[in-house]
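Some structures to go through are shown next.
In the two complexes below, chain A is the common chain; its partner is chain B in one and chain C in the other.
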Partner chain A sequence: MDLSHIFNSKKIFRISFYAVLFSFLSFAAFSEEHAAADTSHAAATEVHAEPKEKDEDISKVILHHIADSHEWHFFGHVALPLPVILWTDNGLVTFMSDKFGHNDHGTELIDADGTGLVNYHGKFYYPAESKSADGTYISHDSKGEITNGKPLDISITKNVVSLLISVVILLVVFIGIANAYKKREGKAPKGMQSILEPIILFVRDDIAKPQLGHKYRGFMPYLLTVFFFVWLNNLMGLVPFFPGGANLTGNIAVTMMLALCTFVLTTVNGNKNYWGHVFTPHVPWWLYPLMIPVEIVGLFVKPVALMIRLFANITAGHILILSLISLIFILKSVFVAGIAIPFVLFISVIELVVGFIQAFIFTILSALFIGMAVEESHAEH
Partner chain B sequence: MHQSDENSDRKDEARNENQPLKSYARYTGMAFQMMGIIAVFAFAGYKIDEWYGHKVQWVTALACVLGVCLSIYQIIRQLKE
Partner chain C sequence: MIVGSIAGIGAGLAAIGAGIGIGNIGGKAMEGMARQPEAASKIQTAMLIAAAFVEAVALFAVVVAFLGTGQTN
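For the complex of A and B:
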C-alpha cells in the first residue's frame, strides 16, 4: 500500500490548515454559544451583569458597522457630518447631523426649528411626553416595540453618499470608455478601455446572449448597468476607509430597488406566451384554482429571491469579518490577533471573489427572468 | 449582413443551450419558489384559522400540506420541461 501521498508536505499543510480553520470556527461558535448562555443566565439572575454588557456591546458594534448612518465615521472622534432631511408634522426640517452632538441614546431632546426630536440609535423619533424608566424619551409597548412616532427620513445618509460616489465613478469611467470607442473606432483599445472590454464582452456573451437569444441587444444597457453597479459597490463595501465601507449592497432597500427594476422589466416585456404560462398553465383544468395562485406567487418570489440573495451574501461577509476581529476583544487577549487577522485577510480575499460572483449571479438571474418573459413559444408544446 | 448576424445569434443560442450555467440559474430559483408557495399557503391558512377562531388550527395544517404538495408538483412540472 502506497501511503506516500499522505506524507506529501503540501497536503499536510492543507489538511492542517483546514483543521485549524474548522477547530477555530467551532471554537468561535462555542464562545458565541457560551456568550449566549451567559446572556440568558445574566438576564435571569442579574448576577453576571458585566459579561452580558460586554457581549451585547460587541454585537451592537458589529450591527452598527453594517447599518446605515447619519454621519461618515473615519477614526476616533473624526466623522464627516451629513445633512439630515426630515419631513415632520411641521413640514421640512433640515440640519447637519453634528449640530446636536452625538447623543444617540434617546436621552437628549433636540429642538430643530421648533420641532422636538430625539435621536435613538441613529434614528429620529418624536419624543415621548416624559422620560421613561431607562432615562430615555422613547416609550415601548409590552412587546418591546417602540411606540414613538417617526418623521419621514429622507436624509442624505452614508449609503446615499456612497451610492452617489459610485454613480459618479461609473459615469466617468463608462462615458470615457464610450468616447474612446467613438474616437478610436477600428483601433485597438487603450487604457481603461482594454481593462473593461473583456468584462463587457463577458456580460454580453456569457450572460445576455445565452439567456435572451437574439433579443439581447435591447437589454444590454440594463444588464451592464446592474452588473457594474453591484460589482463596484460590493468592492467599495470591502474598503474599510473613506470612500468605501458603506455596505451599500448589504442594505436590503438597495437590493430591493434593484430587484424591483428586474421585476418591472419582466412584467412590462412579458409576451403572450409568458402570461399564458401564468394564467393557463399546462395542467388539468380542475387544478387551475390552485395552480394559478402558485404561478402568481412564482412571479413575486423570483425578485424577492434576487433581493435576499445579494443582501444576505454581502451582509454575512461583513458580519463574518467583523466577528473575527471582535474575537480579540471577546477573548481579551492580543495574541488572538495572530490567528484572527490572517483569517480576516483570508475571508477578505474570499469576499473579493464573492463580490464578483454575486454581481454575476444577480445579472444572470435578471437576464434569465427577462429571457423567460420574452421567450417565443416552443413549437413542440 | 443582417441575415448572417441573425444566423450567428442562432448558433450562439444553440451552443449555449447546453451550458450548465443556464440550468444552474434555473434551479436556484426553484428552492425559493418552493419556500414562497409553502409560506403563502401557510399564511393564508393561519389567517383563515384566526378569522374563524379555531381552537385547533387545522386549516393551517391542511394548507401547509397542500402547499408542500403543490410546490413539489410545480417542481416536477418544471423539471419535465
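For the complex of A and C:
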C-alpha cells in the first residue's frame, strides 16, 4: 500500500501547503534580521564593558519587549514617538512621548500643561509628594504595590498603531477582493483573489459549514474577519522590524475584545433550545441546583478560555524566542549564538505555523460556540 | 544558588498533564486516520479542537505561574 492516501485529504494538503508557503516567505527576512540583531548585540556587549546586562534584568528585558509601549523602537536610539493621551484630574492632556525625554525611572517630574506627572516603567502616574528612598516619585506600600494615582491612559500606543496598520491592510486587501468578485463575476480569480480564495473557502467549508450547518451564511463575515485579523496580527507580531513587532494578539485586552465579540454573538443569537439547555438541563429535577450554576459559569468560561488561549499561546511563543536569544547574554559568550540562533530560527518557523493554527482554532471555536447557540433541538434529548 | 519560584514547578507539572493529554489525542487520531483514511479531515478537525481544549489547561497554568512569579519580585 502506498502512502498517497495521506495527501488525498485536500484539507490537510491545503493547510500544510499554506503553512509551509508562508513559513518560507518570511524565513529569509527572519534569518537576516536575527543575524543582524545578533551581531549588533554582540558588538554592543563588547563596547559596553560595564556590567550593564545583569542576569536578573533579562526577564525584565523580555517582558519589556512583549509589552505595549508609548514609542515604537526601531534600533539603537531611533524610535518613533507616539502621542500620549491622558485623561487626568485637570481634563485631557496630550503630548508626544519624546517631549519629556526618555526617563522612565520615575526620577523626573513632568509638567504637562500644568499637570504634574511622572513616567515610571513606561506608565504615567501622579507623582508622590516627595522623593522616596530610591530617588523616585513613586511610593510603594508594604507589599511593593505602587500606591500612586494614575490618570486614565487612552494613548495611541504601539499596539494601537499596529492595530490600525492591520486594519488598513485588511480593508485594502478585502475591499479589493470583494470588488474583484463583483467585477469578474463567474470568471476565474486573478491576482490577490487567487491567493486568498482557497483560504476563504477553507474558512467556509472547513470551519463555518460543519459547525453552523445551513445557517453559516450570516456568520461568515464575522468568522472571516476574526480569522484574518488574528492570523495577520500573529504574523505581524513575529516580524521583528517596523510594521510588525507589536505583540498585538499577545495582549490580553485585544484577545478579550475578540472573545467578547464571540460572546455577544452567542448570547444574542442564542435560541430557545440554547437557553433551555442552560436553565432547564435534561437532568433529574433535584440536580438543577447543581447543573444550572455550572451551565451559567460555562457560558462565561467559554469566551474566557478563548481569550486566554490566544493570549498565552502568542505570549509564550514570543517569550520562548526572546529567551533563546537571551541565552547569549546569560552565558556571556558570543559562541552560544551558534546554537541559539538556529534554534531561534527553528522556533520562529514553528511560531509561524502556531500563528495559523491559533487563528484557525479561535475561529473554529467561535463557530462551534455560535453553532451551539443557534442549533435546532434534536429528537434524541 | 537556584533562584526561582515554586510556580515554575506548577507550570511544569501542568505541562506533563497536557503532554499526556495531547499525546493521547494525537495518537488516537492517527490510529483513527490509519483505520479510516477517508475520514482523515474530519478526524483532524476534531483532534485540533480537542487539543486546543487540553492545551488551554496548560496555558492557564502558565498564566498562573507568571502571576505567581510576579508576586515574589
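Going forward, the second predicted complex is superposed on the first by the 328 of 381 C-alpha atoms of A that agree within 3 Å, B and C clash if a C-alpha of one lies under 4 Å from a C-alpha of the other, contacts with A are read in each partner's own complex, and residues count from 1 in each chain.
FYI, a residue touches a chain if its C-beta (ideal position, glycine included) is under 8 Å from a C-beta of that chain, and two chains touch if they have at least 3 such contacts.
Keep in mind it's a predicted model, so treat the numbers as computed, not measured.
By the touch criterion defined above, A:I357 reaches chain C but does not reach chain B. Contacts of A:A316 after superposition: chain C is touched, whereas chain B is not reached. Contacts of A:A305 after superposition: both chain B and chain C are touched.
In the superposition on chain A, A:L365 makes contact with both chain B and chain C.
Shared-chain residue A:D206: touches chain B and chain C both. In the superposition on chain A, contact of A:K332 is made with neither chain B nor chain C. According to the touch criterion, the shared surface of chain A, contacted by chain B in one complex and chain C in the other, consists of residues 206, 210, 305, 308, 361, 364-365, 368. Interface of chain B with chain A (complex): residues 6, 9-10, 12-13, 16-17, 19, 21-22, 25-26, 28-29, 32-33, 35-37, 40, 66, 70-71, 74, 77. Of all the residues in chain C, the ones that touch chain A in their complex are 37-38, 40-42, 44-45, 48-49, 52-53, 55-56, 59-60, 62-63, 73. Every residue of chain A that touches chain B in the complex is listed here, in rising order: 205-206, 209-211, 213-214, 281-283, 290-291, 293-294, 297-298, 300-302, 304-305, 308, 361, 364-365, 368.
Within the complex formed with chain C, the residues of chain A that make contact are 5-6, 8-12, 144, 206, 210, 305, 308-309, 311-313, 316, 357, 360-361, 364-365, 368.
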